[in-house]
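Here you go, one structure.
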Amino acid sequence: MLRTGPYTSQNADTVYNIAKRLLSKGHSIRIYLYEDGVCNVVKQIKSPQERNIRDMMAELVASGVEIKACGTCAKFRGIRKTDIIEGTNLAGMAVLARFARDCDRFLSFGF
Amino acid sequence: MSPQKTILILLRSCPYGMATAAEGYRVIIGLAGMGLRIHAVLLEDGVLVALKGQNPSGLGMHELSQVFAKLTEFGADLYVHTPSVTERGLSEAGFIDSNLIDDEELKDLITSADHVITFN
Amino acid sequence: MDNLYLVTRSTFERTAWRLALRLAQSGDTICFIQDAVLAVKGPLELRDKMAELESKGVDLRFLAEDLNARSLNASREKTVDYEGLVELIEKASRIIT
Amino acid sequence: MLRTGPYTSQNADTVYNIAKRLLSKGHSIRIYLYEDGVCNVVKQIKSPQERNIRDMMAELVASGVEIKACGTCAKFRGIRKTDIIEGTNLAGMAVLARFARDCDRFLSFGF
Amino acid sequence: MDNLYLVTRSTFERTAWRLALRLAQSGDTICFIQDAVLAVKGPLELRDKMAELESKGVDLRFLAEDLNARSLNASREKTVDYEGLVELIEKASRIIT
Amino acid sequence: MSPQKTILILLRSCPYGMATAAEGYRVIIGLAGMGLRIHAVLLEDGVLVALKGQNPSGLGMHELSQVFAKLTEFGADLYVHTPSVTERGLSEAGFIDSNLIDDEELKDLITSADHVITFN
C-alpha cells in the first residue's frame, strides 16, 4: 500500500525498486494506491530531464504487477478512471481486502 | 477459500492535521466489512483520536472519536496504547471505550497478526 | 511585535518546533496551530523551554479552532482564534513557518 | 505559498481560513501553489459529504484573491492548464517573484 | 527472522524511529531506509538505544543506495543493498513501517 | 519600481527522501534570477545538501550538492548553519563552499530579510 504521490516523496521510488527485485526472484506483486498514492499512475505526468514515475509504474504493470488505485481517493483529488494508465483501475476496499488476504507480506508506505 | 487472516492496523497520527486518522478509519471498516479480522491500535499521537469532546466544526471537518467509538459495530477491535497516553499527559478517563494495552500486549498483537498496516 | 513563528506539526512526532524556540527573541511571538497545538501537552523538554522563553519576553499562543478540534485547551490569555491569528500576522514584521 | 495538496494535509484549510479573515479586513491576497499545492485547484475534485477544497479556492478567487499554480509542478503531476479552475493559471517563478516583491507579509506552508 | 521494522523518515526531524526501537525483540531486524539512514549519525539517544538493542539480539541494517545518495556510510556488515533488503522482506514474518 | 527586497530561504530537509531540497533550489534560482536578493540557509537536516560525495544514481535522482555549489553564479548567497552540522556529527570540512553561520548570525539574517520562505 502506497499512500504518497509522485516526486514529493521517495516512497514511490522505493516501492518501484523493491518491486523490481522481488519480480526478478519470481514473486508476484500487488500495489494498492491510497490517498495521494493514486497520483502515481496519472497518464498526463510529464517529467522532462527526470525519472518518470508514471512510466516506472507502467513498467511494473507490464511485468505483471497488479496495480489498483482507491476510487474515493481519486475522486477527492479530481482523478477520473480515464486519467490513469492502462492496466490499472480504480477499486474499492474489496480489492485491498483481497490483496491483504492473498499476500504473504504486506508493506505500507506513508508519511 | 483461505482461512481468515488477522490484520493489525497501527494508527499513529494526530487527527485533523493530516487525513491519516480519517483515511485509516476507512481502511479499518473496509477490511473488517470484507471479513478480515481487524485489530486497530491507536498509539503515539494516534491516541488523540480516542479523546472525547473533539469539536472540529471550526475547521469544517467531521468529528472522529464518535466514528471510532462505533468500530466494534463493524467487527473491528479497538485498542489504545496507554504508554502513549501517559507520555502526552492525558488520562484514559476522557477516552471513548476501548481496550487499553501496554507495550507487552502490543507486541503480542503484532505477533498474532498476519500483516501489520501502518498509518503514520 | 517583531517576528511571528508559526509551528504547524505535532510537537511529539516532529522536532520542527525546536527551530522556533531556538530563534525566538523578546518581542517575538510563537503561535502553535494545526497538530502543533499538542504543544500544550509537551513533550517535557518543550514545556521547560516554553516557560524559559516566556520569562524572556516571547509570547506563546495556541489557535483556538485547532485546540477545540482536538479536545485540548490552553489558558484563555494564550488562546487566539483565527481573528487573533490574523492580527498577529498584521502586526508581525515577518512570518517564519 | 502552499506546498501541500487537498485533504491529505490541513494546510489548504488553514490558508483558506486565514485568507477569508484577511479579506474581510480589506487586505489583498495572492496564493502561489507549489509542489502538491497545485492539486488544490483541480476542476474535477469531487468530495461527497465533505468540504470541497476546490470550491473553497474558487470562493477565494471570486473574492479577488489571485491564485497561480507552478506550471512545472503541475506537469510533473499530470495536471494541464485545462484541468484547473477558472480564474487561476499556471505560472512560473516570475510570478512568485512578483508576489514576493509586492507583498507585505509572506507565509509558507509545507510539510 | 521474526519482524522486520522499516524506518523511512529522518531520525532527527521525526520521532517515528522510537516505535521500532521500543517494540523490536531478539530475532527482529530494523532496517533504516530513505532519509532514516541519517540514523548512522544519531541523535545521541538513538545511538545509545541501537547499541543496547544489538546486545539484545536485534539486527540493525542501513540501505546502501540511500546511504550513498546522502554521502553517509555504515560499517560493511550493517549495510544492505536493495537485493539484501528484498531478502530481509522474504525472511520476515511481517513488516512494520 | 519598488526597491530590491531581500528574501531569506530556510531549507530544513534532508535531500532525496522528500523533493523539498530540489524544489527549494528551483525557488532560490528562480527568485534570484528575477532580481530579488536571496540568502539561502541550509539548516537542520538541510545541511546534508551541502555534503560532498553524494551519489543518488542508485535512486535515479540528480545529485544536489553540485547544483547548490553553483548558487552564487545565480546571484544567491549560500549559508550553512554550523550548530546543525555539529548536532549531526558532521564536519564542515566535507562540505561545498558556503558561508558558515551560528545562531546569532542566523537571527541577524532573519532580521535583515523582508520575507522568510521555509522549505521543510
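Side notes on the structure shown:
Chains here go by letter, A, B, C, D, E and F, matching the order in which they are written, and residues are numbered from 1 within each.
In this section, a residue touches a chain if its C-beta (ideal position, glycine included) is under 8 Å from a C-beta of that chain, and two chains touch if they have at least 3 such contacts.
From a predicted model like this one, the values you see are computed outputs, not experimental measurements.
Between subunit A and subunit D, the least number of touching-chain steps is 1. Listed by label, the chains touching subunit B and subunit D alike are A, C. Rotation angle for the C-alpha superposition of subunit B on subunit F: 180 degrees, rounded in steps of 5. For the touching copies subunit C and subunit E, the fraction of interface residue numbers used by both exceeds half; the interface is of the same-residue type. Chain pairs E-F and C-F differ in how many C-beta pairs are in contact, and the one with more is E-F.
The most distant chain from subunit C is A, comparing centres defined as mean Cα coordinates.
One finds 33 Å separating the Cα centroids of subunit C and subunit E. Here the CA centre of subunit D is 38 Å from the CA centre of subunit E.
Taking each chain's centre as the average of its CA atoms, subunit C and subunit D sit 25 Å apart.
With touch defined as above, residues shared between interfaces to two or more other chains in subunit B number as follows: 12-13, 16-19, 44, 59, 61, 115-116, 118, 120.
Looking at subunit E, residues 8, 12-13, 16, 34-35, 65, 82, 94-95, 97 sit in touch with two or more other chains. Shared contact sites, meaning residues of subunit A that touch two or more other chains, fall at 7-8, 10, 17, 35, 50, 105-106, 108, 110. Chain pairs that touch one another, listed by label: A-B, A-D, A-E, A-F, B-C, B-D, B-E, C-D, C-E, C-F, D-F, E-F. Subunit C meets subunit D in the complex at residues 6, 8, 33-35, 65, 82-83, 85-86, 89-90, 92, 94-95, 97. Touching subunit F in their complex are the following residues of subunit D: 1, 3, 34-35, 72-73, 92-94, 96-98, 100-103, 105-106, 108, 110-111. Taken in their complex, subunit C has these residues touching subunit F: 2-3, 16, 19, 22-23, 25, 94-97.
Against subunit D, the residues of subunit A that register as touching in their complex are 5-8, 35-36, 39, 42-48, 50, 54, 75-80, 83. On the side of subunit F, the complex with subunit D involves touching residues 2, 5, 7, 13, 18-20, 23, 26-27, 30-31, 33-36, 115-120.
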